[in-house]
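Okay, got some structures for you below.
What follows is a pair of complexes built around subunit A, which joins subunit B in one and subunit C in the other.
For the complex of A and B:
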């Protein structure tokens, strides 16, 4: 039956974390996948990824979370990995106004290199990390306003340190991707194959 | 002697200073007796003969400054001059045999190389030849021109000899000749690697069949001839088929020599290399010792300053004190520059602000488990920060790029001094500068060079990587950017770096370190059929699981293996800085070889091309 197919197949979703150096991309990933936090974790050199299995609204999903080096200099290294992303988590740190101001640049860079066909429909999720820090430079209102003006993106204030909203944000990312697919599915209702994301070979994401 | 034989003998190879140690073969002989002689491989009546004869009046090693004399101490072997050398003595030890009589050669290492010959007629026993003055690799290369040497199945150091008949072997030689061989190797490259992968199996098979150097056993000559007949016509067709060829040369490298390493250079040994004024003496030998064993930790603080170029080797203690005084002034002048920038100024200086902000973040996450940097308000952190900020003033165009804190941290740990650490770091950055520049040209160049080396070392593995879109070697990015800093334990990083700073045994040795690590992983990668992502993940996860001594052994072995290869592509010899061999009649500058060089730059898929700046 249809329900059987829906629950038995595992979709592989590629999610990429982008944002300035030091906003906490690796810490968010590690908190989510290993539920650990290390304030002195090395800054990322190159690119890394971790997998995490989860279930969202009855869908079995393997999230492949890609973490990149945030410094502008490493652009040519990280951009090849954008292709094939299903979702992009634009990340800034609430105690660093510059990282918030750069969100627009990160979005532009992603759309350009990921070769997104319909940028206005692509699922971005915005994360304001380090809410545990007391000296904020970016208010919740400012961040929400930016999200609203830039495509009505969901916004989460997270703390990798105390695990605030981290899992919630990733689950929302998955929902957005699945919702995108559903919408595509309705356009071609006769094609049952298209009802579900096919499990994809891990090798196809960067070809 | 050579000239008197020249009508009947063609001397293929000749090397003086090849020793026999008679005591190990004979009882009742002075155990320290070493007899020096000359070794020849001569061509005589269509037969290749190995001859060894004692050289009269040969100087012994005591007076020479080859690095073997350094080994001398370590291995407690003494070389003694043998004053008398009469005719009887000469003929007593001399021996010769035809390659056809030879069953196997065993290659051993004891600080020097020695070869043990076994003849097919097991009743005769030959003394081992000790190459105290080098030359064993060259000798084996010469032998390979007349015989097939293949590693024994149960002992890699034992090379089993087989001598195909002369005519057939000559036809192989022609086939493997550069020009002819290029026909065999015109392979269509992109974009469908499947073709290439499948085809390379043929060339590998062909090569293994012909030269028998890999794990396959030797094929009988008849089978080889059939094989040639089958394969070559197909190759001709392939060659003319389509544009976009690439010359891929599958070069036979021969066996990888075993190498020995030694214990680190001690304080005592280091001190012995200084004259009364403090100038460092016999620098090549000292560097060789550091290359072979690294440094004791107590020596590092001083020795690294020389290795990195901060202290000139020939400077006296007084000169170095003066140098340090002026460098201290220079450092604090630059430090004052950023220290005295007001908040107002910084608000109008976005680059300085960005550097400061990122340095602060990265210092807080650099080696924080190391006792030198652990805990809150550790003074080590302040030093890291201040040196990196001062480096921004020293080279504002480059400024701070992520990865630089990784390069500084071990240096500061060793120097325990802000000024010395800064200057050593600045000299290290001279080597690494290109890695961090805006266009990352250094990274691109190194990845291309590494590709050339991997292709030479194992074409099948290289083809596999390309078939998985991994030919650009992204997974080596972190290794190269910060010289394995994140891959090894802190102590092993210190060891690797000082070894690399000797600039021995070739240029770009760090690329051979990459090759050595990949050599240990390639089997798993291919057997598990890892794709692009899995390769990246697998390599990332090797971090902190690597054994530095094993890697250094292997990397040096690979260096010797490549060095002994006669038909090395020019691109590879220039990467490793091997000068062309003047005895080689095939001019390495000929156009055919030049085209190979061009092709080495065409690998990868251009991923790391200039990316327009979208992030300001």
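For the complex of A and C:
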């Protein structure tokens, strides 16, 4: 039935990984999608992406994860692909203080090129990667403080190498996007009925 | 149409007696709608003339020239090929194209003799048609130089070319991967193979590219009977950089039939990237209109292309063949909807029945030997069975020549697939968003630059057939190229009419042609230092520098 088609429809969410070169954006993506870790990855040139299907709180979503090149010289290649992002994962490495200090710049660059209409409402998630290394330069407290001051972003300490917190962080990103959608849905005064938001039971009883 | 006819004609042993009608020996004739008695007449006459001349001169015939036509001729054993074109096409070009077509045929089908024993004639005719059709899309200049089609790199960030090269390099971390190339919309982005080999792989791809309106989104591993083919032009150095330089002939089937086994292939959807992420103006509306279903399965009509799928690679007697030809089973239930299929790519265009027929016939002739390319010591040939791995992301294709047992090694296959997927997705997105740029005001000159080592062509010609003022340049280029081919010591030449002059220069590695528009050509008929044609070489040097062409 039509209703069935609508309920089983999965939505495509575009999330984008931004952060300095070498903080482990590609590794995080690869760990999450293929569950593999390659210590000898080359610099990403431009952008790359992978899709991953998952279910979060009963919602079927396809996550399209865009991995970007962190080096300045790739800027003109990556920025055209910011548009249309549903969530931005700002990434730094806990063993590299400079990458932490640059988070603000990455946020600015994203908001500018993605042409975000309401930056203060846009879902950002912050990832402190490489928690497996012993010599940290950025403490958890510092990072949490930055997140709090910049818009109360969720913060995850991850390790692509040993898979710590990677899935959790992506799932949180999905939750943030879905929560945004719910809010927007309520704000729109409209007669239309969004069938795919109906609970599952509604579909089965009329099919 | 420049290319009139191709006829390939083979006598099989049983047809050699005099009373056998010629028509039975005609394997393929283009245009196919030519009445059979005309086909017969032409084939009979050409073969007769060819044989007569070669017996009189005790040397093989390469060209037969008639008043308005000429034929490139190849004779080998009992087989005879002719390709006709109008007289103003350079002889070298038509010969090169015929050689290319024959080596293509062997590349995908094995030796000529063997393939005509194994396959039905109509099956092979369909393949000839496929190889030939690929060439009809090329521009005149591409015909003249027999060169590869490459992407127009003027608007492409060189970093993206680097990205493509790195993807290929990363694939080679798997030792079963021999070499590869990346194509976008039927044009080469990056290749690790010699131009000759790349062009062979491209034929396969560009055929699928045309059909991709139906089938894109799948990536498949297709069975190619890859062989380093006979280099039919001994005067040219072999350019292979990455593959075996073994001299091979197409004569003998030391190559086992086992490589005929259908392929398994991972097939999955490469989900279309969210289009809203890109700038509009996507030139390939058709391509994006037919995206695979989100569950990773391809849409139903795909099977109109993949006619033949088999469930078990290598097992000819396996009858569990799915009549629809869609036999997909997911192997890892993975997130990419990753599933594996068996398919025989070459089955495209055949009917199931004829394909089955050919399979059976093959099994009569060939034992399913575990089929290695090990050269039979008795026969001095080295057909090497290889496979062609194709991973398609919309208009982008990664084509890899792989060892035969790559197919059996699912770990390797998955590794290659997963390690290249993200980068291919990204590269496709990048290349698709490259705007073709303004239609590039041509400027006051036309040029064409042919790199004979890489077999690439750079030119500011529009390439559109209707552009009238470009015709004389193409004709002049064709003529000059002909002269360069015939006269090895010739390095520079100017060809002129009352209104225009084209300058041509060549070195070991390149040929360049240049025409300056405007300015009256002061042509007094006798050598004159004011003659503007004499300033052409200087102008060419100066103008072409900004195209990266150094004529110094």
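List of remarks:
In the analysis below, the second predicted complex is superposed on the first by the 181 of 207 C-alpha atoms of A that agree within 3 Å, B and C clash if a C-alpha of one lies under 4 Å from a C-alpha of the other, contacts with A are read in each partner's own complex, and residues count from 1 in each chain.
Operating definition for what follows: contacts are C-beta pairs under 8 Å (C-beta built on N, C-alpha and C of every residue); 3 or more make two chains touch, one makes a residue touch a chain.
This structure is a prediction, so every number in the text was calculated from the model and none was measured.
Partners subunit B and subunit C, brought together by superposition on subunit A, clash.
After overlaying the two complexes on the shared chain, residue contacts for A:75 are found with subunit B alone; subunit C is out of touch.
Residue contacts after overlaying the shared chain place A:36 against subunit C, while subunit B stays out of touching range. In the superposed pair of complexes, A:48 makes contact with subunit B and with subunit C alike. When the shared chain is aligned, subunit C comes close enough to touch A:83, but subunit B does not.
In the superposition on chain A, A:109 makes contact with subunit B only, not with subunit C. By the document's definition of touching, of the two partners only subunit C reaches A:12; subunit B does not. By the touch criterion stated above, A:67 is placed in contact with subunit C alone, subunit B being left untouched. Stretch 129-137 of subunit B is the one among 129-137, 165-173, 237-245 or 309-317 that clashes with subunit C after the shared chain A is superposed.
Subunit A residues in contact with subunit B (one complex) as well as with subunit C (other complex) are 42, 45-49, 64, 74, 76-77, 80.
In the complex of the two chains, the subunit C residues touching subunit A come out as 157, 159-160, 162-163, 166, 170, 271, 273-274, 276-279, 294, 335-337, 418-419, 421-423, 425-427, 429-430, 433.
Within the complex formed with subunit A, the subunit B residues making contact are 354, 357-358, 361-362, 364-366, 368-369, 401-403, 406, 436, 438-440, 443, 468-469, 474, 477-478, 481-482, 486, 531-534, 536-537, 540, 607-616.
Within the complex, the subunit A residues that touch subunit C are 10, 12, 14, 26, 29-30, 33-34, 36, 38, 42, 44-54, 62, 64, 67, 74, 76-77, 80-81, 83-85.
Subunit A meets subunit B in the complex at residues 21-22, 39-43, 45-49, 64, 69-77, 79-80, 96, 98, 102, 105-106, 108-109, 112-113, 201-203, 205-207.
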